[in-house]
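Got some structures for you, see below.
Each of the next two complexes has chain A plus one more chain, namely chain B in the first and chain C in the second.
Moving on, here comes the complex of A and B:
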């Protein structure tokens, strides 16, 4: 199949985007930028604290499902599902 | 028998009867049933099973307690133990499912065409899994002795017998369906008390929102602000900003837990049970949904437990609780030795401060927070009984998953794969069951006589998974050229560096007094604690592997073709043996 390479490189691109967001929400917003973010409030939560204990987990969830949906489309596009 | 005990018996033995019923219904008939549940578990079912498998006594009992006392620093566990699933869903699970084998060492053997690699993987797997089981067995013993007031050893024995029945009889198939039931028990047991407590404190029934709400006492003050104020007044670190050993340490700690999670064989193994690559991806998502249900509640449980504890001891500044008027739960936990009071200034009142000289709560074990929480908040007895059943479900489900990982790696990888390749399917199944029985006996023995190093081994289990298994699997999939020699060199140096670091600070084989650099902050490499060092081990692993690859040349062509095939979605057969 000559589409093999494009399929794989599109997959890699998706993974790269997802992992960049994965890194940003947890290590970025929850850890490295926690102090400046804590100046902003989300109800009773300081925003940095919220990302570390709640927001990062919700983002992980969204990422996995988004990636799964994108990949299912990609699988169909390259006719390799069945 | 009092009401609480009666309810607890009903909850605990009622759930046990349920597990037995399920195990009988889902008996294993073939090795495929036994190792991968015949490959026919739906993604949502698998998600719940992974949730139960993953969330152990540590998640259920210890984590919220840790967060309660660490505050913001406890975030490393929340992010670390969930972020690993993103890595699993994108970097490992789909490709390993596509390859379609039973065990992690088998995958490593195929990809790195080396029996040595397979044996290294088996050894890592057994060390990591046994370490974990000891903790689960201790959890079972503690839950029984506290809630049913039976002897610790007897409680442990009952737990072992229950696991034996459904794990040996049902294999992966029995374990999967029992774990689904255990997940439901666990999540109810965790969230119901949290909902009640959140409602009491903030008037909001959803704990995730309650944690960010104002107190229901009419003061209009946010719960977290009040908590920050209460703890800093007593000299503790501010709850919402308390750091855990510096930003770099938290960073490394979180990465170690994430890649350690993604590299734990008993979790990866679950992805072999689903019917397709697409299902493997969505399984990871459903698993994280199930896990997040508990993990997003945990910060609320932790903060509210700390709040209630502080409030019970000192309802208003300067008005400390009189020791003779202490509530029943206080007396109950004093009996276990996990809570200790010492009247240092002789005023008959309880002072709880951060200052060692005046603090009179000389011991508050973190592990009691979740179990004592419903009683501290004066919740009805049936809720407390439910928590007991939930704690047992968490411990039993994880123990069963680990036992299966151990038995499959011995009967399938070591016996069938290396020592006696002509083993028939029937004998392999029997061997699997015998190995599992032996593993239960060993872990029961270790639970009864916990070795002195039990506490330090958690660092080792995650360190091993993070520094050896995860990098090896990832390079196996993402670098076509990665050769067996290079991967083995990487694995060994990754493990080597991590073990050396853990041992030099925690003692060789955790024997006290042999830690030649001492277990203290100033000697830590850039302030990274031994628990967090798996991340550095993984970096070493990657570095060494690619260096060796440069020198020794790439993997043979047929292996590169195999990797190519693994990367394509294509049709997947059920996981099969050779």
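Moving on, here comes the complex of A and C:
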């Protein structure tokens, strides 16, 4: 029972970290900080614009795989069925 | 692909849509806030000889005068445009401009030509151009060069 609760709390912690990164990348870099980031160029594109259009999607994909890998480790740690 | 990845891939599109809606709300509320932006003359301003461009970023306003009719032509559509002639005692005479054909062209009969028709004469003008969610203002001098 205790194991299940710890597993769930670690899972929740991971979800909140993912959501925080999701918010920071999409709203933070793509909207709130778009003007200062636009002063930097990446491959000819303004960085703020690039984050809003492409960077955030790449980050979301990376986040999904990172979450999957972390959850796999968590499953092994708590001997949960994968 | 394990079950966690499957769940993450199923949740991601909903988060993306949620993000899109949130971003739209944010941008809309930002656009609705009234902004005051200053226009500055691009080089020398000579309204009488049709050589007066006021600029702020991509937005440009061309101010010219033809036989006493002062015209304002902008790169973006305007909601309204008012021109003020300012004398040396800082007294203003306002000329609300009327729309011509499209919201890019505004004009009105003004007394400007009477003040600066001769070479070397200069006069202070103010312009307020209103657009959706903001207004462009400018105070500038026109000087007749020819």
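The definition used in the following text is that the second predicted complex is superposed on the first by the 80 of 82 C-alpha atoms of A that agree within 3 Å, B and C clash if a C-alpha of one lies under 4 Å from a C-alpha of the other, contacts with A are read in each partner's own complex, and residues count from 1 in each chain.
As a working rule, a residue touches a chain if its C-beta (ideal position, glycine included) is under 8 Å from a C-beta of that chain, and two chains touch if they have at least 3 such contacts.
Because the structure is predicted, anything quoted here is derived from the model rather than measured.
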item	value
Partner chain(s) touched by A:27 [first = chain B, second = chain C, both, neither]	both
Which superposed partner A:42 touches (first chain B, second chain C, both, neither)	first
Touched partner set for A:8, first chain B, second chain C, both or neither	first
Dominant contact partner of chain A by residue count, chain C or chain B	B
Partner chain in contact with A:58 - chain B first, chain C second, else both or neither	first
Intersection of the chain A residues that touch chain B with those that touch chain C	22, 26-27, 30-31, 56, 60, 64-65, 67-68, 71-72, 75, 82
Chain A residues touching chain C - in the complex, by the definition given at the top	22, 26-27, 30-31, 56, 60, 64-65, 67-68, 71-72, 75, 82
Chain C residues touching chain A - in the complex, by the definition given at the top	1-5, 8-9, 12, 15-16, 19, 22-23, 26-27
Interfacial residue positions of chain A with respect to chain B in the complex	1, 4, 7-8, 11, 15, 18-19, 22, 26-27, 30-32, 34-35, 38, 42-46, 49-50, 52-54, 56-58, 60-61, 63-65, 67-68, 71-72, 74-75, 78, 80-82
Residues of chain B touching chain A in the complex	67, 72, 74-75, 78-79, 82-83, 85-86, 89-91, 94, 208-209, 211-214, 222-225, 240-241, 247, 250-251, 254-255, 277-278, 281-282, 284-285, 288-289, 292, 295-296, 299, 564, 567-571
